[in-house]
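Per-chain residue numbering starts at 1, and chain names A, B and C are given in the order in which the chains are listed.
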Amino acid sequence: MTPEQRLADMGITLPGTPEPVANYVPFKIAGDLIFVSGQVPREEGGLTATGLVGGDVSPEDACRAARVCAINILAAVKAAAGDLSRVEAVRLEGFVASAEGFTGQPAVLNGASDFLIEILGEAGRHTRFAVGVAELPRGAAVEIGAVFRLL
Amino acid sequence: MTPEQRLADMGITLPGTPEPVANYVPFKIAGDLIFVSGQVPREEGGLTATGLVGGDVSPEDACRAARVCAINILAAVKAAAGDLSRVEAVRLEGFVASAEGFTGQPAVLNGASDFLIEILGEAGRHTRFAVGVAELPRGAAVEIGAVFRLL
Amino acid sequence: MTPEQRLADMGITLPGTPEPVANYVPFKIAGDLIFVSGQVPREEGGLTATGLVGGDVSPEDACRAARVCAINILAAVKAAAGDLSRVEAVRLEGFVASAEGFTGQPAVLNGASDFLIEILGEAGRHTRFAVGVAELPRGAAVEIGAVFRLL
(Lines give C-alpha, C1' and ligand atoms only; values in the text may rest on other atoms or scores of the structure.)
Protein backbone atom coordinates (compact mmCIF):
# COMPACT_ATOMS: atom_id res chain seq x y z
CA MET A 1 0.00 0.00 0.00
CA THR A 2 1.37 3.44 -0.83
CA PRO A 3 1.53 6.22 1.75
CA GLU A 4 -1.13 8.03 -0.29
CA GLN A 5 -3.43 4.97 0.01
CA ARG A 6 -2.82 4.78 3.76
CA LEU A 7 -3.78 8.43 4.10
CA ALA A 8 -6.95 7.81 2.08
CA ASP A 9 -7.81 4.75 4.20
CA MET A 10 -7.51 6.89 7.30
CA GLY A 11 -9.73 9.53 5.76
CA ILE A 12 -6.97 12.11 5.76
CA THR A 13 -6.81 14.63 2.92
CA LEU A 14 -3.54 16.53 2.77
CA PRO A 15 -4.23 20.26 2.78
CA GLY A 16 -3.06 22.48 -0.04
CA THR A 17 0.56 23.46 0.26
CA PRO A 18 0.64 25.35 3.52
CA GLU A 19 0.70 29.08 2.87
CA PRO A 20 3.50 30.69 4.86
CA VAL A 21 2.31 33.55 7.01
CA ALA A 22 5.35 35.55 5.96
CA ASN A 23 8.07 35.93 3.37
CA TYR A 24 9.38 32.39 3.08
CA VAL A 25 8.56 29.11 1.33
CA PRO A 26 6.99 25.92 2.70
CA PHE A 27 9.77 23.67 1.40
CA LYS A 28 13.10 23.85 -0.36
CA ILE A 29 15.00 21.05 -2.03
CA ALA A 30 18.78 21.09 -1.59
CA GLY A 31 20.45 18.16 -3.29
CA ASP A 32 18.48 15.16 -2.07
CA LEU A 33 17.33 16.85 1.12
CA ILE A 34 13.92 18.48 1.49
CA PHE A 35 13.79 21.18 4.15
CA VAL A 36 10.28 21.92 5.43
CA SER A 37 9.36 25.15 7.22
CA GLY A 38 8.04 24.97 10.78
CA GLN A 39 4.42 23.85 10.74
CA VAL A 40 1.80 24.77 13.33
CA PRO A 41 -1.37 22.71 13.93
CA ARG A 42 -3.35 24.57 11.32
CA GLU A 43 -6.58 23.10 9.99
CA GLU A 44 -9.20 24.81 7.87
CA GLY A 45 -10.85 26.35 10.90
CA GLY A 46 -7.60 27.72 12.32
CA LEU A 47 -5.15 26.36 14.88
CA THR A 48 -6.34 23.24 16.74
CA ALA A 49 -4.47 24.08 19.93
CA THR A 50 -3.26 27.40 21.26
CA GLY A 51 -1.70 28.21 24.61
CA LEU A 52 0.91 26.64 26.86
CA VAL A 53 1.02 22.88 27.18
CA GLY A 54 0.78 21.79 30.79
CA GLY A 55 -1.31 24.93 31.38
CA ASP A 56 -4.22 25.80 29.08
CA VAL A 57 -3.50 22.90 26.76
CA SER A 58 -3.46 19.29 27.94
CA PRO A 59 -0.61 17.03 26.86
CA GLU A 60 -3.17 14.86 25.03
CA ASP A 61 -4.50 17.80 23.01
CA ALA A 62 -0.95 18.88 22.28
CA CYS A 63 -0.15 15.37 21.05
CA ARG A 64 -3.10 15.57 18.67
CA ALA A 65 -1.88 19.01 17.57
CA ALA A 66 1.56 17.54 16.82
CA ARG A 67 -0.17 15.04 14.53
CA VAL A 68 -1.80 17.94 12.66
CA CYS A 69 1.65 19.55 12.31
CA ALA A 70 2.86 16.27 10.79
CA ILE A 71 -0.04 16.22 8.31
CA ASN A 72 0.98 19.72 7.22
CA ILE A 73 4.60 18.59 6.95
CA LEU A 74 3.56 15.68 4.73
CA ALA A 75 1.56 18.08 2.57
CA ALA A 76 4.70 20.14 1.99
CA VAL A 77 6.80 17.03 1.36
CA LYS A 78 4.22 15.75 -1.14
CA ALA A 79 4.31 19.10 -2.93
CA ALA A 80 8.11 18.87 -3.03
CA ALA A 81 8.50 15.23 -4.05
CA GLY A 82 5.27 14.51 -5.91
CA ASP A 83 5.08 11.04 -4.44
CA LEU A 84 5.39 10.07 -0.77
CA SER A 85 6.84 6.68 -1.74
CA ARG A 86 9.97 8.52 -2.86
CA VAL A 87 10.86 10.09 0.49
CA GLU A 88 12.11 9.21 3.93
CA ALA A 89 11.91 11.27 7.08
CA VAL A 90 15.27 12.41 8.47
CA ARG A 91 14.59 14.89 11.24
CA LEU A 92 11.85 16.62 13.20
CA GLU A 93 12.59 19.89 15.01
CA GLY A 94 9.98 19.95 17.74
CA PHE A 95 9.00 23.02 19.73
CA VAL A 96 6.32 22.79 22.40
CA ALA A 97 5.00 25.98 24.03
CA SER A 98 5.43 24.88 27.63
CA ALA A 99 3.97 26.06 30.92
CA GLU A 100 6.39 26.27 33.83
CA GLY A 101 7.34 22.81 34.98
CA PHE A 102 6.00 20.94 31.95
CA THR A 103 8.65 18.42 30.85
CA GLY A 104 6.59 16.03 28.73
CA GLN A 105 7.70 17.33 25.33
CA PRO A 106 8.69 13.86 24.02
CA ALA A 107 5.17 12.47 24.51
CA VAL A 108 3.74 15.51 22.72
CA LEU A 109 6.07 15.04 19.76
CA ASN A 110 5.06 11.39 19.54
CA GLY A 111 1.84 12.59 17.95
CA ALA A 112 3.93 13.56 14.94
CA SER A 113 6.51 10.76 15.12
CA ASP A 114 3.95 7.96 15.39
CA PHE A 115 1.94 9.40 12.52
CA LEU A 116 4.94 9.56 10.18
CA ILE A 117 5.76 5.91 10.87
CA GLU A 118 2.10 4.95 10.46
CA ILE A 119 2.01 6.53 7.00
CA LEU A 120 5.55 5.98 5.71
CA GLY A 121 6.49 2.76 7.54
CA GLU A 122 10.23 2.26 8.03
CA ALA A 123 10.88 5.31 5.84
CA GLY A 124 9.09 7.37 8.46
CA ARG A 125 11.68 6.66 11.16
CA HIS A 126 13.55 9.84 11.97
CA THR A 127 15.79 11.70 14.39
CA ARG A 128 14.40 14.61 16.31
CA PHE A 129 14.79 17.08 19.11
CA ALA A 130 11.94 18.14 21.38
CA VAL A 131 12.22 21.27 23.49
CA GLY A 132 9.88 23.46 25.51
CA VAL A 133 9.74 27.08 24.39
CA ALA A 134 8.17 30.20 25.83
CA GLU A 135 5.87 31.26 22.97
CA LEU A 136 5.04 30.21 19.43
CA PRO A 137 3.62 32.11 16.45
CA ARG A 138 -0.05 33.00 16.80
CA GLY A 139 -0.12 31.19 20.13
CA ALA A 140 0.31 27.74 18.61
CA ALA A 141 0.88 25.02 21.19
CA VAL A 142 3.30 23.15 18.94
CA GLU A 143 5.55 23.96 15.97
CA ILE A 144 7.51 21.34 14.07
CA GLY A 145 10.11 21.79 11.33
CA ALA A 146 11.43 18.87 9.30
CA VAL A 147 14.09 17.52 7.00
CA PHE A 148 13.24 14.69 4.60
CA ARG A 149 15.28 12.91 1.95
CA LEU A 150 14.42 12.10 -1.64
CA LEU A 151 15.07 8.40 -2.26
CA MET B 1 23.38 43.33 -10.54
CA THR B 2 25.29 41.06 -8.19
CA PRO B 3 24.34 40.63 -4.55
CA GLU B 4 27.58 42.41 -3.68
CA GLN B 5 26.52 45.40 -5.84
CA ARG B 6 23.10 45.48 -4.21
CA LEU B 7 24.73 45.57 -0.79
CA ALA B 8 26.96 48.42 -1.92
CA ASP B 9 23.98 50.31 -3.35
CA MET B 10 22.25 50.01 -0.02
CA GLY B 11 25.34 51.27 1.77
CA ILE B 12 25.83 47.99 3.61
CA THR B 13 29.33 46.78 4.33
CA LEU B 14 29.50 43.17 5.44
CA PRO B 15 31.36 42.96 8.72
CA GLY B 16 34.48 40.83 9.05
CA THR B 17 33.73 37.18 9.57
CA PRO B 18 31.82 37.18 12.82
CA GLU B 19 34.06 36.13 15.65
CA PRO B 20 32.38 33.36 17.66
CA VAL B 21 32.16 34.17 21.36
CA ALA B 22 33.17 30.61 22.14
CA ASN B 23 34.86 27.50 20.81
CA TYR B 24 33.14 27.07 17.47
CA VAL B 25 33.35 28.34 13.90
CA PRO B 26 31.13 30.83 12.06
CA PHE B 27 30.49 28.49 9.12
CA LYS B 28 31.21 24.98 7.95
CA ILE B 29 30.86 23.56 4.47
CA ALA B 30 29.52 20.01 4.23
CA GLY B 31 29.21 18.85 0.64
CA ASP B 32 27.29 21.66 -1.04
CA LEU B 33 25.65 22.87 2.16
CA ILE B 34 26.96 25.79 4.19
CA PHE B 35 25.97 25.70 7.84
CA VAL B 36 26.14 29.09 9.58
CA SER B 37 26.32 29.48 13.35
CA GLY B 38 23.58 31.35 15.16
CA GLN B 39 24.01 35.08 14.65
CA VAL B 40 22.91 37.78 17.06
CA PRO B 41 22.26 41.42 16.03
CA ARG B 42 25.85 42.43 16.57
CA GLU B 43 27.16 45.66 15.08
CA GLU B 44 30.38 47.44 15.83
CA GLY B 45 28.95 49.12 18.87
CA GLY B 46 27.53 45.92 20.35
CA LEU B 47 24.11 44.32 20.12
CA THR B 48 21.42 46.49 18.54
CA ALA B 49 18.59 45.02 20.61
CA THR B 50 18.67 43.29 23.96
CA GLY B 51 15.78 42.14 26.12
CA LEU B 52 12.48 40.40 25.55
CA VAL B 53 10.45 41.24 22.48
CA GLY B 54 6.95 42.30 23.38
CA GLY B 55 8.41 43.63 26.62
CA ASP B 56 11.51 45.84 26.62
CA VAL B 57 11.97 45.49 22.88
CA SER B 58 9.32 46.51 20.37
CA PRO B 59 8.46 44.14 17.50
CA GLU B 60 9.70 46.83 15.09
CA ASP B 61 13.10 47.07 16.77
CA ALA B 62 13.29 43.28 16.86
CA CYS B 63 12.53 43.17 13.14
CA ARG B 64 15.42 45.56 12.50
CA ALA B 65 17.60 43.39 14.74
CA ALA B 66 16.68 40.32 12.66
CA ARG B 67 17.94 42.20 9.61
CA VAL B 68 21.27 42.77 11.36
CA CYS B 69 21.42 39.04 12.11
CA ALA B 70 20.90 38.41 8.39
CA ILE B 71 23.73 40.80 7.49
CA ASN B 72 26.00 38.81 9.80
CA ILE B 73 24.78 35.57 8.22
CA LEU B 74 25.61 36.90 4.76
CA ALA B 75 29.06 37.89 6.00
CA ALA B 76 29.68 34.30 7.06
CA VAL B 77 28.25 32.94 3.81
CA LYS B 78 30.45 35.31 1.81
CA ALA B 79 33.50 34.13 3.76
CA ALA B 80 32.49 30.53 3.02
CA ALA B 81 31.58 30.87 -0.65
CA GLY B 82 33.68 33.83 -1.77
CA ASP B 83 30.91 35.09 -4.01
CA LEU B 84 27.26 35.63 -3.03
CA SER B 85 26.15 34.88 -6.60
CA ARG B 86 27.13 31.28 -6.00
CA VAL B 87 24.76 30.57 -3.11
CA GLU B 88 21.11 30.16 -2.31
CA ALA B 89 19.42 30.36 1.08
CA VAL B 90 17.90 27.09 2.30
CA ARG B 91 16.84 27.59 5.90
CA LEU B 92 16.69 30.10 8.71
CA GLU B 93 16.44 28.90 12.30
CA GLY B 94 14.82 31.82 14.07
CA PHE B 95 14.80 32.35 17.82
CA VAL B 96 13.12 35.41 19.32
CA ALA B 97 13.52 36.17 23.03
CA SER B 98 9.85 36.61 23.84
CA ALA B 99 7.96 38.24 26.67
CA GLU B 100 4.96 36.35 28.01
CA GLY B 101 2.16 36.44 25.48
CA PHE B 102 4.22 37.69 22.54
CA THR B 103 3.32 35.59 19.49
CA GLY B 104 4.55 37.80 16.65
CA GLN B 105 7.76 35.85 15.93
CA PRO B 106 7.03 35.55 12.17
CA ALA B 107 6.89 39.33 11.69
CA VAL B 108 10.17 39.67 13.57
CA LEU B 109 11.87 37.08 11.39
CA ASN B 110 10.65 38.89 8.29
CA GLY B 111 13.37 41.43 8.95
CA ALA B 112 15.85 38.70 8.00
CA SER B 113 13.75 36.94 5.35
CA ASP B 114 12.91 40.10 3.43
CA PHE B 115 16.52 41.22 3.48
CA LEU B 116 17.82 37.94 2.05
CA ILE B 117 15.34 38.14 -0.82
CA GLU B 118 16.21 41.80 -1.37
CA ILE B 119 19.89 40.94 -1.74
CA LEU B 120 19.82 37.50 -3.32
CA GLY B 121 16.56 37.67 -5.28
CA GLU B 122 14.94 34.30 -5.96
CA ALA B 123 18.02 32.57 -4.53
CA GLY B 124 17.19 34.21 -1.22
CA ARG B 125 13.91 32.33 -0.81
CA HIS B 126 14.20 29.90 2.08
CA THR B 127 12.41 27.72 4.58
CA ARG B 128 12.46 28.66 8.22
CA PHE B 129 11.11 28.13 11.67
CA ALA B 130 10.40 30.98 14.09
CA VAL B 131 9.97 30.30 17.79
CA GLY B 132 9.85 32.34 20.98
CA VAL B 133 12.50 31.43 23.53
CA ALA B 134 13.11 32.42 27.12
CA GLU B 135 16.59 33.91 26.91
CA LEU B 136 19.34 34.36 24.35
CA PRO B 137 23.12 34.78 24.67
CA ARG B 138 24.17 38.15 26.10
CA GLY B 139 20.53 39.16 26.21
CA ALA B 140 20.14 39.35 22.44
CA ALA B 141 16.56 39.88 21.32
CA VAL B 142 17.00 37.64 18.28
CA GLU B 143 19.31 34.82 17.21
CA ILE B 144 19.22 33.26 13.75
CA GLY B 145 21.09 30.23 12.43
CA ALA B 146 21.14 29.34 8.75
CA VAL B 147 21.80 26.75 6.08
CA PHE B 148 22.77 27.85 2.58
CA ARG B 149 23.67 25.91 -0.53
CA LEU B 150 26.59 26.36 -2.91
CA LEU B 151 25.27 26.52 -6.47
CA MET C 1 46.10 8.79 18.21
CA THR C 2 42.57 7.86 17.18
CA PRO C 3 39.53 9.48 18.77
CA GLU C 4 38.76 6.09 20.32
CA GLN C 5 42.23 6.02 21.94
CA ARG C 6 41.77 9.55 23.25
CA LEU C 7 38.48 8.54 24.84
CA ALA C 8 40.14 5.51 26.41
CA ASP C 9 43.03 7.65 27.72
CA MET C 10 40.50 9.93 29.35
CA GLY C 11 38.73 6.96 30.91
CA ILE C 12 35.56 7.60 28.96
CA THR C 13 33.48 4.66 27.81
CA LEU C 14 30.84 5.57 25.26
CA PRO C 15 27.46 4.38 26.47
CA GLY C 16 25.40 1.95 24.41
CA THR C 17 23.49 3.64 21.64
CA PRO C 18 21.21 6.01 23.50
CA GLU C 19 17.74 4.58 23.73
CA PRO C 20 15.23 7.17 22.58
CA VAL C 21 12.50 7.79 25.15
CA ALA C 22 9.94 7.79 22.35
CA ASN C 23 9.22 6.69 18.80
CA TYR C 24 12.31 7.94 16.99
CA VAL C 25 15.86 6.83 16.28
CA PRO C 26 19.16 8.06 17.77
CA PHE C 27 20.75 8.76 14.38
CA LYS C 28 19.95 8.72 10.71
CA ILE C 29 22.36 8.84 7.80
CA ALA C 30 21.29 10.95 4.81
CA GLY C 31 23.89 10.94 2.07
CA ASP C 32 27.10 11.82 3.87
CA LEU C 33 25.37 13.61 6.73
CA ILE C 34 24.64 11.98 10.08
CA PHE C 35 21.75 13.55 11.95
CA VAL C 36 21.78 12.86 15.71
CA SER C 37 18.69 13.19 17.90
CA GLY C 38 18.72 15.67 20.76
CA GLN C 39 20.74 14.27 23.66
CA VAL C 40 20.21 15.06 27.31
CA PRO C 41 22.92 14.64 29.98
CA ARG C 42 22.00 11.04 30.67
CA GLU C 43 24.40 8.78 32.50
CA GLU C 44 23.73 5.36 33.97
CA GLY C 45 22.28 6.82 37.13
CA GLY C 46 19.95 9.21 35.30
CA LEU C 47 20.28 12.83 34.28
CA THR C 48 23.32 14.62 35.69
CA ALA C 49 21.62 18.02 35.84
CA THR C 50 17.95 18.92 36.02
CA GLY C 51 16.34 22.30 36.49
CA LEU C 52 16.89 25.78 35.15
CA VAL C 53 20.41 27.03 34.61
CA GLY C 54 21.04 30.28 36.43
CA GLY C 55 18.51 29.07 39.00
CA ASP C 56 18.71 25.56 40.48
CA VAL C 57 21.62 24.61 38.24
CA SER C 58 24.90 26.50 38.21
CA PRO C 59 26.49 27.42 34.88
CA GLU C 60 29.44 25.20 35.79
CA ASP C 61 27.24 22.16 36.40
CA ALA C 62 25.39 22.89 33.17
CA CYS C 63 28.70 23.05 31.31
CA ARG C 64 29.58 19.61 32.65
CA ALA C 65 26.13 18.41 31.64
CA ALA C 66 26.72 19.68 28.09
CA ARG C 67 29.87 17.54 28.02
CA VAL C 68 27.77 14.50 28.94
CA CYS C 69 25.38 15.37 26.10
CA ALA C 70 28.39 15.42 23.77
CA ILE C 71 29.52 11.99 25.00
CA ASN C 72 26.05 10.67 24.15
CA ILE C 73 26.23 12.38 20.75
CA LEU C 74 29.58 10.70 20.06
CA ALA C 75 28.08 7.36 21.07
CA ALA C 76 25.36 7.81 18.43
CA VAL C 77 27.89 8.95 15.84
CA LYS C 78 30.10 5.96 16.57
CA ALA C 79 27.10 3.65 16.16
CA ALA C 80 26.35 5.37 12.83
CA ALA C 81 29.87 5.55 11.41
CA GLY C 82 31.63 2.64 13.10
CA ASP C 83 34.81 4.63 13.44
CA LEU C 84 35.18 8.14 14.85
CA SER C 85 38.18 8.80 12.58
CA ARG C 86 35.76 8.83 9.66
CA VAL C 87 33.59 11.75 10.82
CA GLU C 88 33.67 15.46 11.34
CA ALA C 89 31.32 17.59 13.41
CA VAL C 90 29.20 20.04 11.43
CA ARG C 91 26.64 21.51 13.79
CA LEU C 92 25.41 21.52 17.37
CA GLU C 93 21.87 22.62 18.17
CA GLY C 94 22.12 23.74 21.78
CA PHE C 95 19.18 24.26 24.11
CA VAL C 96 19.74 25.38 27.68
CA ALA C 97 16.83 25.40 30.14
CA SER C 98 17.30 28.94 31.40
CA ALA C 99 16.12 30.82 34.46
CA GLU C 100 14.91 34.36 33.90
CA GLY C 101 17.83 36.62 33.09
CA PHE C 102 20.35 33.87 32.41
CA THR C 103 22.22 34.73 29.22
CA GLY C 104 25.34 32.56 29.52
CA GLN C 105 24.23 29.85 27.07
CA PRO C 106 27.48 30.00 25.03
CA ALA C 107 29.64 29.15 28.04
CA VAL C 108 27.35 26.23 28.85
CA LEU C 109 27.58 24.87 25.32
CA ASN C 110 31.36 25.11 25.47
CA GLY C 111 31.25 21.99 27.62
CA ALA C 112 30.17 20.14 24.49
CA SER C 113 32.17 22.13 21.94
CA ASP C 114 35.46 21.86 23.80
CA PHE C 115 34.98 18.13 24.31
CA LEU C 116 34.38 17.46 20.61
CA ILE C 117 37.55 19.31 19.68
CA GLU C 118 39.46 17.51 22.43
CA ILE C 119 38.44 14.13 21.03
CA LEU C 120 38.22 14.78 17.29
CA GLY C 121 40.81 17.54 16.88
CA GLU C 122 40.27 19.79 13.86
CA ALA C 123 37.47 17.48 12.70
CA GLY C 124 35.61 18.41 15.87
CA ARG C 125 35.27 22.08 14.90
CA HIS C 126 31.63 22.86 14.22
CA THR C 127 28.97 25.52 13.83
CA ARG C 128 26.27 25.83 16.46
CA PHE C 129 23.44 27.81 17.90
CA ALA C 130 22.88 28.18 21.64
CA VAL C 131 19.53 29.36 22.96
CA GLY C 132 17.78 29.50 26.31
CA VAL C 133 14.51 27.60 26.47
CA ALA C 134 11.74 27.36 29.03
CA GLU C 135 11.69 23.63 29.74
CA LEU C 136 13.37 20.46 28.49
CA PRO C 137 12.31 16.80 28.51
CA ARG C 138 12.36 15.22 31.97
CA GLY C 139 13.66 18.48 33.38
CA ALA C 140 17.06 18.19 31.71
CA ALA C 141 19.19 21.31 32.08
CA VAL C 142 20.63 20.95 28.57
CA GLU C 143 19.66 19.23 25.31
CA ILE C 144 21.92 19.13 22.28
CA GLY C 145 21.18 17.86 18.77
CA ALA C 146 23.88 17.44 16.15
CA VAL C 147 24.80 17.00 12.52
CA PHE C 148 28.04 15.25 11.59
CA ARG C 149 29.55 14.34 8.26
CA LEU C 150 31.02 11.05 7.06
CA LEU C 151 34.48 11.70 5.59
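Assorted remarks:
Everything that follows uses one rule, which is that contacts are C-beta pairs under 8 Å (C-beta built on N, C-alpha and C of every residue); 3 or more make two chains touch, one makes a residue touch a chain.
Computed from a prediction, not measured in an experiment: that's the story for all the values here.
Shown here, the protein chains touch in all possible pairs. These two copies of the sequence, chain A and chain C, are related by a rotation of 120 degrees on CA atoms, to the nearest 5.
Taking the mean of the C-alpha atoms as each chain's centre, chain B and chain C sit 24 Å apart. Within chain B, the positions touching two or more other chains are listed as 31, 33, 133-134. Chain C meets chain B in the complex at residues 31-33, 90-92, 98, 100-107, 109-110, 113-114, 117, 125-134, 147, 149. Only residues 21-28, 30-31, 33, 35-38, 93, 95, 97, 133-140, 143, 145 of chain A touch chain B when the two sit together in their complex.
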